[in-house]
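Provided herewith is a single structure, encoded as structure tokens, for subsequent inquiry.
Chain IDs A, B, C, D, E and F follow the sequence of writing; residue 1 opens each chain.
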Amino acid sequence: MDNASLEQYHKEREEGNELILKYAGTSMKRLMNLDVMAYKDGALDGKTKELLGLVASTVLRCDDCISYHTVQCHELGVNAEEYEEAMTIAYIVGGSIVVPHLRRAFARWEQLDAAKDA
Amino acid sequence: MDNASLEQYHKEREEGNELILKYAGTSMKRLMNLDVMAYKDGALDGKTKELLGLVASTVLRCDDCISYHTVQCHELGVNAEEYEEAMTIAYIVGGSIVVPHLRRAFARWEQLDAAKDA
Amino acid sequence: MDNASLEQYHKEREEGNELILKYAGTSMKRLMNLDVMAYKDGALDGKTKELLGLVASTVLRCDDCISYHTVQCHELGVNAEEYEEAMTIAYIVGGSIVVPHLRRAFARWEQLDAAKDA
Amino acid sequence: MDNASLEQYHKEREEGNELILKYAGTSMKRLMNLDVMAYKDGALDGKTKELLGLVASTVLRCDDCISYHTVQCHELGVNAEEYEEAMTIAYIVGGSIVVPHLRRAFARWEQLDAAKDA
Amino acid sequence: MDNASLEQYHKEREEGNELILKYAGTSMKRLMNLDVMAYKDGALDGKTKELLGLVASTVLRCDDCISYHTVQCHELGVNAEEYEEAMTIAYIVGGSIVVPHLRRAFARWEQLDAAKDA
Amino acid sequence: MDNASLEQYHKEREEGNELILKYAGTSMKRLMNLDVMAYKDGALDGKTKELLGLVASTVLRCDDCISYHTVQCHELGVNAEEYEEAMTIAYIVGGSIVVPHLRRAFARWEQLDAAKDA
């Protein structure tokens, strides 16, 4: 996993979402919009919400979703300690079956740190 | 779901944990301890961690776990708006399959509010 | 499971949904609406969509959701053979872990037949 | 959970299976048969297979299935230490989300011990 | 995902199934057969059954299974609107965690359309 | 899947675990240790425990975890018939949604046999 793959992740995600929207009817489009809205600042701030999305994605074991929320957390200023503690809760709740996803999640996190320092 | 069932929830949980500990070997006991430790204040505060546990439990659809974290959130000062926003993320990520659990979760929340006002 | 419990199922579902709507913000309300809309006649008719909802609920193992779609299927004229074949697909895909839910699903189906004949 | 509920568990399971067979077509009946056959002595003995079924049921979090395999394990001579070690693996792999099921599983185990001693 | 990968998908699936059959005992072979039989025309037609398999596979989030049922649906004359409506139900029931699978599913659908037009 | 990929599997797993440990706090490190300890000989022998881990990983559908326990089972002397019977239970309990993982699991098994004979 290097910076190239970070770009590739963004490109594939964007292209995939465009493909969904090409086929999507009204309901599917509304679901896509609600998905974006749910993470905006509200009674809980956006950072907390991204951590909630991260942990939900990790216990449900979806690498694409974990990558998305890892990127969002990193952009919103979550630090490495906070990220690790959220992932510890995911590990406690979800069990060792999530460990392969933790490997890839921390690799993504390192990649984001490297991109920021570049 | 009334105040009696809130007491019953606590009683059954406590008795059940004692029963596990009666049989538990070293590894199972350590897991039980780590489970408690994971929600203590750290880089993330306890309140945020309980919200993480709540959302993880909701997308994994475990009523007992949702009840536990609902009680903890309520005690740590999570308000109704924050609770609803966390649950909206659980609903968005986990889909309508979580709705029956939301019904029971908000019933528990009401029960906790009623107990506080009593 | 008798006719009383069929009434109870409807009552609890209705009260639970009212409770959710009491707390729900805009996003949660929209999700509740989209959930209803998704099963309306369209390119696929409502009956087929209810069967899709039934099988999705069965492989995800949610009794409340299975009950809901069983009632809807029964009302829309799904017959016992069609219901059984849909459930066979759920059993094939989801494995024997769904069998306890099949027991309760067919009990619900019998109850609906009995209520119709009454 | 007392001995009455052990009898009730057997009665409900039996009645439920009869209900499934009342509706079942050929494929569903064959699946029911294969489910029984899979746990017979073979290259692996029946006891080991019941432990496999127990752990699979626990990480998938199905109380009815856990009860079934707990009864089978107990009958085939699994002892408390073996049962606990199998459940520790389920807990490690599946995470704390399985704990409420462990509470009920050990209560079932105690019930079986009490019935044997009676 | 291009036509090459559609061929590759078929090749890998076929080789994988042959490998399973090389090791499979009687029970596993019967399960493989029942899996094929469950989707044949019956009280429900094959097209409806493939849609049921598609939605079950999507809420359980298995890309290989989604690809299989997408190919079957396309061959049996499911049109793009029907496919989208079935996937909307999968999205509603299963939540945003299925979105990465929707991206790959619609890419597979486009690929099948392109192969047909070629 | 050839011997190169077996080496690659080990390399990626090792590097991934080192990455987790680089970030891990006390709780996460303890969880990693407990995960290793749970499979040691005890009241149940290590071989039985690896089969339990294999079946748990298969019904939860995690390829990395299946690979890990397949390697462990092979090293501890599980033979092809025993491996197939354990996987049949995973297939029965978990349904056809696990079949794509069975394809990859038996390919890994063949690879391990080939490496041993080399």
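FYI, contacts are C-beta pairs under 8 Å (C-beta built on N, C-alpha and C of every residue); 3 or more make two chains touch, one makes a residue touch a chain.
Not measured: the values here are computed from a predicted model.
Tell me the fewest steps from subunit B to subunit E, where a step is a jump to a chain it touches.
1
Going only through chains that touch each other, how many steps at minimum separate subunit A from subunit F?
When the steps are counted carefully, the minimum from subunit A to subunit F is 1.
Can you list every chain that touches subunit C and also touches subunit F?
Touching subunit C as well as subunit F, we find A, B, D, E.
Among all chains, whose Cα centre is located farthest from the one for subunit C?
Of all chains, F has its centre farthest from that of subunit C.
Among the chains, which has its CA centre at the largest distance from subunit B's?
Ranked by distance of C-alpha centres from subunit B, the top chain is E.
Is the contact between subunit A and subunit C built from the same residue numbers on each copy (over half shared) or from different ones (under half shared)?
The interface is built from the same residue numbers on each side, given that over half of them are used by both copies.
Once subunit C is fitted to subunit D on CA atoms, what angle does the rotation have, in steps of 5 degrees?
120
How far is the middle of subunit B from the middle of subunit F, if each middle is the mean of its Cα atoms, in Å?
32
Per the centroid of Cα atoms for each chain, what is the distance between subunit A and subunit B, given in Å?
Computed from C-alpha means, the inter-chain centre distance equals 24 Å.
What is the distance in Å between the mean C-alpha positions of subunit B and subunit D?
27
In subunit A, which residues are in touch with two or more of the other chains?
25, 27, 31, 34-35, 38, 42, 56-57, 59-60, 65, 81, 84-85, 88, 91-94, 96-97
Which residues of subunit C touch subunit D once you look at their complex with the stated criterion?
61, 80-81, 83-85, 87-88, 91-92, 96-97, 99-100, 102-104, 106-107, 109-110
Taking the touch rule as given, give the residues of subunit C at its contact with subunit B in the complex, in rising order.
So the residues of subunit C in touch with subunit B come to 12-13, 16-17, 19-20, 22-25, 27-28, 31-32, 35, 56-57, 60, 62, 64-65.
Which of the residues in subunit E end up touching subunit C in this complex?
Touch residues, subunit E against subunit C: 34-35, 38-39, 42-44, 48-49, 51-53, 55-57, 59-60, 65, 79, 81-82, 84-86, 88-90, 92-94.
Within their complex, state which residues of subunit D touch subunit E.
25, 27, 30-31, 34, 37-38, 42
Can you list the subunit F residues touching subunit C in their complex?
Going through subunit F, the ones touching subunit C are 59, 91-98.
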